[in-house]
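The first chain written gets the first letter, and so on, giving A, B, C, D, E and F; residue counts start at 1 in each chain.
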Amino acid sequence: MTDFTQKTQGPFADIAPALDQLTQQVLFGEVWERRELTKRDRSLVTVAALIAQYRINELPFHLKFAQQNGVTRDELIELITHLAFYAGWPAASTAVGITRKVFAENS
Amino acid sequence: MTDFTQKTQGPFADIAPALDQLTQQVLFGEVWERRELTKRDRSLVTVAALIAQYRINELPFHLKFAQQNGVTRDELIELITHLAFYAGWPAASTAVGITRKVFAENS
Amino acid sequence: MTDFTQKTQGPFADIAPALDQLTQQVLFGEVWERRELTKRDRSLVTVAALIAQYRINELPFHLKFAQQNGVTRDELIELITHLAFYAGWPAASTAVGITRKVFAENS
Amino acid sequence: MTDFTQKTQGPFADIAPALDQLTQQVLFGEVWERRELTKRDRSLVTVAALIAQYRINELPFHLKFAQQNGVTRDELIELITHLAFYAGWPAASTAVGITRKVFAENS
Amino acid sequence: MTDFTQKTQGPFADIAPALDQLTQQVLFGEVWERRELTKRDRSLVTVAALIAQYRINELPFHLKFAQQNGVTRDELIELITHLAFYAGWPAASTAVGITRKVFAENS
Amino acid sequence: MTDFTQKTQGPFADIAPALDQLTQQVLFGEVWERRELTKRDRSLVTVAALIAQYRINELPFHLKFAQQNGVTRDELIELITHLAFYAGWPAASTAVGITRKVFAENS
């Protein structure tokens, strides 16, 4: 499946080239491009998984990427509100703080 | 399946009436009914949070509820495939097993 | 239920004797016996940690042990209701199901 | 149940008003006020859930709130020591670091 | 047990063919075959990740696979004992229970 | 088992002396010294558990300790690449960032 012809390098290329290649070619090159789910749906699902797992370092990138993929700011806030119930208030609280910063930097 | 627009008793009423009331009135009565996010989007987000957190007991209900809310079976499978990368293969593997059963019971 | 003040063998002795010894002597023999926190407080904290981490297999023992240590059934139910907010509804939902069974078996 | 008459605004009001309202009115306005569990017990349980889930951003507030609710500094340290066993040494290690800072800022 | 050097269909092929292909070709076909880490090391690391995340459904397969890859039974028991400290006693307790069963079925 | 004669003080001695003693005497004094698993194996397992649980504060110490115990830099990178699949891409991504810093500080 994987066509290991080089596309572009990603953020892990300097220190973890194999992981970088898997990220660029398999994750972004193949999975995100599959038509079975829209990019907007993939972003909703990805942001939800990051918030639920408290993956604080990866959230800023995916909050911006979600907006590129058509999720509005109001929808991101509502997603966090919804997840307060399904991942707990602390996860939602941290997500609000990160989102506030991401929105401020990009307005 | 329960019609959650009715503010009737839910599954915790026998033993945890306060939690049941919060579930029926706040979570299903208010949050799920808010217009800022469609029910289909809420289901995508909820199922993603459950898979990412390995909440195996709550997944069957929400896989069925997601289908009521307009998520197709193919989309659910694709969501799990996507989450293999964002929550790890073990979480996806367990989600496949549960989904297989839920689909079989309802076909 | 096991009387943990006795430094006898515990449930891991058959297959994991070193872990068993650490459990019986350090965890139950020393830590649970320290006076800086009452056993009732330790049980509240332990049950909370188990629910928040979805440690479903260890919960039945500690729900019973908590009652031995002075936590009432109503307090356990209220603890779960409180944790719905701090660990998410799915964790609380599973805790209710396990607690219902534990209470039924011991009434 | 929820009386959606405004009480006071909380920390999410600027960007997530619905979550803020749920926090102020349902979580703090209702749940924390219920008599079925004392505020001291609720704080023990909340701090335990935060440590066990590695919710590092929410821990400072709840360490201070726990002291307001009657948990002593020695009891907080003992709670962390106990949770080293039930949530793992890394969670306890991080909790010690945060607690050290919180105590230093408030002495 | 499946011989994963063959790029045949795996356990998800019936319902999630894309995930199955990624599993067989990328995860088992490429990653597990990379020389930068021995299979024994990969098994230690995989079993540790499963125990730490309480991935109870995936543990039996990887306990057996670890033995195929040269991890002894005594080493698996010691790994669990070690992880009691790094992932908490409840995770270790569940791992002991699953390991006991896996060993019994294969002796 | 525990010989509570003082060895050396560790990082928690100032504020959590009992936890410090357990850490120095039981965890490092006994468990890490057991022969049933080499220190290199223990480090692989510990680093895997930390990455899988997103224990970001404890990772720098154990990345250095792993190198002392014979795990090479290339093996640490490969371990992270492997865990991208078993703990999810976000956990691996954060581990790469921390590892990059640790390697830079010690070269």
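In this text, contacts are C-beta pairs under 8 Å (C-beta built on N, C-alpha and C of every residue); 3 or more make two chains touch, one makes a residue touch a chain.
Chain-to-protein mapping (UniProt): A, B, C, D, E, F = Carboxymuconolactone decarboxylase-like domain-containing protein.
All values derive from a computational prediction rather than experimental measurement.
**Student:** Please identify each chain that touches chain D as well as chain E.
**Tutor:** A, B, C, F
**Student:** Would you mind checking which chain's C-alpha centre is most distant from the centre of chain C?
**Tutor:** Relative to chain C, the chain with the farthest C-alpha centre is A.
**Student:** Looking at chain pairs C-E and A-E, which one is connected by more C-beta pairs in contact?
**Tutor:** Here the pair linked by more C-beta pairs in contact is C-E.
**Student:** Need the CA-centroid distance for the pair chain C / chain D, whole Å please.
**Tutor:** Inter-chain centre distance comes to 21 Å.
**Student:** What whole-Å value do you get for the distance between chain B and chain F if each is reduced to the mean of its CA atoms?
**Tutor:** 36
**Student:** Measuring from the mean C-alpha position of chain D to the mean C-alpha position of chain F, what distance in angstrom results?
**Tutor:** 28
**Student:** Residues touching two or more other chains, restricted to chain C: which are they?
**Tutor:** 18, 22, 27, 31, 34, 36, 49-50, 52-54, 77-78, 81, 84-91
**Student:** Which of the residues in chain C come into contact with chain B in the complex?
**Tutor:** Its residues touching chain B are 54, 56, 77-78, 80-81, 84, 88-94, 96-97, 99-100, 103.
**Student:** In the complex formed with chain C, which residues of chain F make contact?
**Tutor:** 1-2, 18, 22, 26, 31, 34, 36
**Student:** Which part of chain C faces chain A closely enough to touch in the complex?
**Tutor:** Touch list, chain C to chain A: 52, 84-91.
**Student:** In the complex formed with chain E, which residues of chain F make contact?
**Tutor:** 27, 31, 34, 36-37, 41-42, 44-46, 48-53, 74-75, 77-79, 81-83, 85-87
**Student:** Write out the stretch or stretches of chain D touching chain A in their complex.
**Tutor:** 11-12, 14-16, 18-19, 22-23, 27, 49-50, 53-55, 57-58
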